[in-house]
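Listed after this line are the structures, all set down as structure tokens.
Here come two complexes built around chain A, the first alongside chain B, the second alongside chain C.
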Partner chain A sequence: MINTTIAKLALQALLGRRRFFLLLAFPVLLVALVALVTALTDGDAAFDILPGLGYPLVLPLVAILAASSVLGPEVDDGSIVYLLSKPVSRYGVAISKWLVALGATLTAGALPILVASLIAGDSDRAVGMFVGAIVAGTTYSALFLAISAVTRHAVIASLMFVLIWESLLGNLFTGVAWLSIGQWGLRVGHEISDRLPDPANLPYAVLAALVVTLGGVWFAGDRLRSFSLRGED
Partner chain B sequence: MSESAPDLGRSGVIHDLGYRHYSGVREGTPAIARTLFVTGLRHAYGLGRSGKSKVMPFLLLGMSLLPAAIVVGVVVLTGLGDLPVSYADYTNQTQLLVSLFAAAQAPVLFSRDLRHRSIVLYLARPLSAPMFALMRWLSLSLALLLFMLVPTLVLFLGALLAELDTGDQVAGLLKALVLQVLLATLVAGITGLISSVSLRRGFAVVGSVMVLIVLTGVVSVVQNIAAFEDADSASVAVGLFSPWSLFAGLADAWDAGVNTPAPVDGAWVPAYALVAVLLVAGCLLGLVARFRKVGSR
Partner chain C sequence: MSTLVLDSASRWFGNVVAVNDVSLSIGPGVTGLLGPNGAGKTTLMAMMSGFLAPSAGHVTLDGQPVWRNTEIYRHIGLVPERELSFGYLTGRQFVRANADLHRLPDAAAATERILEVVDMVEPAGRRLDTYSKGMRQRVKIAAALVHDPSVLLLDEPFNGVDPRQRMHLMDLLRRLGDEGRTVLFSSHILEEVERLARHIEVVVSGRHAASGDFGAIRRLMTDRPVQYALQSSDNRRLAAALMAQESVRAVSLRADHLDIQVDDLGSFAVGLPGLAKEHDVTLYELSPSDESLESVFAYLVAR
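This part shows the complex of A and B:
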């Protein structure tokens, strides 16, 4: 199913000059901020940056950037028709592109969270955070890939999901945790370290993350199967 | 074609097809600029564009109106003596929506003409590149100001109908209005500059979000920690680095109902105002330079 050529092309699109720096800026910013706060304060102030800023904001933003850059530019300039005119399974296209986006999300989103939480101390909690970030990052990248295959306003739509649904409403209504990818990740991370919160329950969180991941990639492939080019709106 | 005889009496006859000449007043640059401004303002809300492009701006506007309506309802029903949130603070509280609106709509005004090279058609008219950039910026600024002002006006009308003290409310509204004008020009400049440099829509949006939301998040974390560690001046100084903390700092100094982690006072107030104005000016210079460059290609 995996097509190495498509994956290679997606990787090139991802590592284009400016995009790469934008992608790099997030982890550098996060680790530098946590290191700075750790050096200047004592107590848990440094770690609080991760559940407050790194995990709910930087990780999904990296996932959005990665997922939209493996698919978005081709849809935007219409060159995706050349890809779709080749006899390659559309699911294969979706999976190959998703794997690249996933790799980027984990490297530039989840790994810095591990590094930053290790800097802040308590390696158990750091590993829990890392596992949570892997689960959430995987699910996010599949969901955002599916959104990119559906609409040209993928970035804004994904941002609204993350910022308004998960962050804004998630902070007001605890019930949103059942439909929030970030909270599922935290729930899985809670199994490793008790110091993370435990919203929802574990089997549900794992199952939901799995369903959204598989469903997202399948849906992206399905959309590519019946893809029609439209003009700018 | 056979060689035509140089008959001076009949020269140009075959070209005169009998069309009427335009003999009215030629309105020149001001009229073009005005039209461009109005079109830009309408496009920022998706008016005059496809139905799909109206969804995002009005969805965001609706979301920022909803809490205002709820607040008014609560004030009227419970008979509170004052609004639970000040006008400036309401804008501050809904900053996520304002930032998203700016990030989503700035590429509409600043990226599309450059991406599709229709900028050369605009600049073929007697309209200079700097003027074009300025008008686009004005459109986005006014669109942003309206986005912030409409919920504020709903609050204000609600307060008047609930017969709260009119003098207080008007003073609060005017303070909020001045701050909103400053914020709108600032945010429009920043997002406009980002969108005119990175032409892919997705990256312009992520770039704007990074400056408006991530940077603001970082600044507020550092501000809170510094204030907690009793380093008040450090906390205030960090506030200079993001548009929203500038807004909050000025509102705090002006007693407009917004509280920053450490009080902004003394020489910090002119510093905040100066940084905000310089940022606007810097963004405008950047925009003008950018459009000069693409216009001359």
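This part shows the complex of A and C:
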């Protein structure tokens, strides 16, 4: 199912664009900020940056950048026809691209969260946070890949989901937690450190994350099966 | 040997009909798809290459539907009009990636073989974004041919390619056609098509306007009434004299010139100066008023 050629090209597309430096800047800044605050303050101030900024913002932003880089530009300019005019499974294409986006999200999103929370000094909560970030990062990258496969405005649409739905409305209405990828991740992390919040219930959170992940990748593959070239005329 | 068949295929986008009930069959050899810009060539190409679903009708290759059928690409090589956006790859890496996607047993050898065919061995080590238009076009053709397909589809392959490279590409396509492959290319330039294709399909405004070998199409296009605008010292007297000529079908008197419709271009052109002299009229200006390709196409459709 996994197509190494597609994955290799996706990785080259990810590393070969200027966006890559943006992708790199987020984790570096996050770790630097946490290190700085840890050095200057006492107590929980440094760790609070993670549930306040790192987890709800940096992680999904990294996932958006990664998912849209592996698929978005090729769909936009139509050059994906060079990959699709081949007898390769479209689901294989979607899975391969998703794995590259996932790897980037975990490396540049979840791993820095672990590093930063260890710097802030609470290894128990740090591991819980990391596990939550892995769950949420996995789900985010699949959802944003699916969005990249349907619209040219994937980055905007994904940003709206994160900023308006998850952050803004999620803070106003607790019920949004049931439909928030970030909260599902936190719920799983809560199993490791019960100092993390406990929204929704565990089986639901795990199942929801799984459904969105599998559904997102399948949907992206299905859209690729029906990829259409629109003429200039 | 493969045959690509369109059976009453139509495609519309909302209210706009891009391709209207086209039936045609494309077999081995080089076929040219000729039509003005906006005639629906790209839409037809997209349907034939499985990148657009027909709104009505069928598109099949040797009986197999093309849409949502990934296995069809074992037999089809596609050269899209789109630019390559893989500028960070070398020509060889790009062709090799295509060979790998086809899971060819010996991808490296197939890559070198096809680079040889398109004469791109020497520059294959350079990055794609350093190539000229003609070189990129040849690399695209190499990528489309690397799995030895029986059908090659090319969308406007000569656009922006300099004349020397164009000759080279034409030789290549002709050779592929002679090998028994089904080669179809689209173009809006008649001269281009008739130099290369034995068989021509003409589309105008989404309709299939004509089909045949290039001689027949050429005759259709030249043996047609031609419009001229003519200015002289005495339009009315000249009009009377012209109307008596065998070659003239119609003359209409305008404010400052004559509109003339001519059947037989040769004898009209030869006879005109003598006719003017005989009636003591001075000719000021004679110009064809509808030589554009669009009017040629419009004539074909109106027939």
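The rule is short, and it goes like this: the second predicted complex is superposed on the first by the 227 of 233 C-alpha atoms of A that agree within 3 Å, B and C clash if a C-alpha of one lies under 4 Å from a C-alpha of the other, contacts with A are read in each partner's own complex, and residues count from 1 in each chain.
In this text, a residue touches a chain if its C-beta (ideal position, glycine included) is under 8 Å from a C-beta of that chain, and two chains touch if they have at least 3 such contacts.
What you see is a predicted model, and the numbers here were worked out from it, not measured in a lab.
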Overlay on chain A: chain C relative to chain B, clash or fit: fit
Which of chain B and chain C A:Val88 touches, first, second, both or neither: second
First (chain B), second (chain C), both or neither touched by A:Ile6: second
Touching partner for A:Arg225 - first (chain B), second (chain C), both, neither: second
Chain C, chain A and chain B - angle at the middle CA centre, rounded to the nearest 10 degrees: 70
A:Ser69 touches, of chain B and chain C: first, second, both or neither? first
Touched partner set for A:Leu202, first chain B, second chain C, both or neither: neither
Chain B versus chain C as contact partner of A:Val28, first or second or both or neither: neither
Contacts of A:Leu214 with chain B and chain C, given as first, second, both or neither: neither
Which of chain B and chain C A:Arg18 touches, first, second, both or neither: first
Which of chain B and chain C A:Val150 touches, first, second, both or neither: neither
After fitting on chain A: smallest Cα gap, chain B-chain C, Å: 7
Doubly contacted chain A residues - partners chain C and chain B: 73, 232-233
Chain A - residues contacting chain B, complex: 18-19, 22, 25-26, 29, 33, 37, 40-41, 45, 49, 52-53, 57-58, 61, 64-65, 68-69, 72-73, 76, 152-156, 159-160, 163-164, 167-168, 232-233
Complex interface listing, chain A residues touching chain C: 3-6, 8-9, 12, 16, 73-74, 77-79, 81-90, 225-233
Residues on chain C engaged by chain A in the complex (per definition of touch): 13, 18, 37-43, 45-46, 49-53, 68, 70-74, 76-78, 80-86, 88-89, 97-98, 100-102, 143-144
Of all residues in chain B, those that touch chain A in their complex: 49-50, 52-53, 56, 63, 96-97, 100, 103-104, 112, 116, 198, 200-203, 205-207, 209-210, 213-214, 217-218, 221-222, 225, 228-229
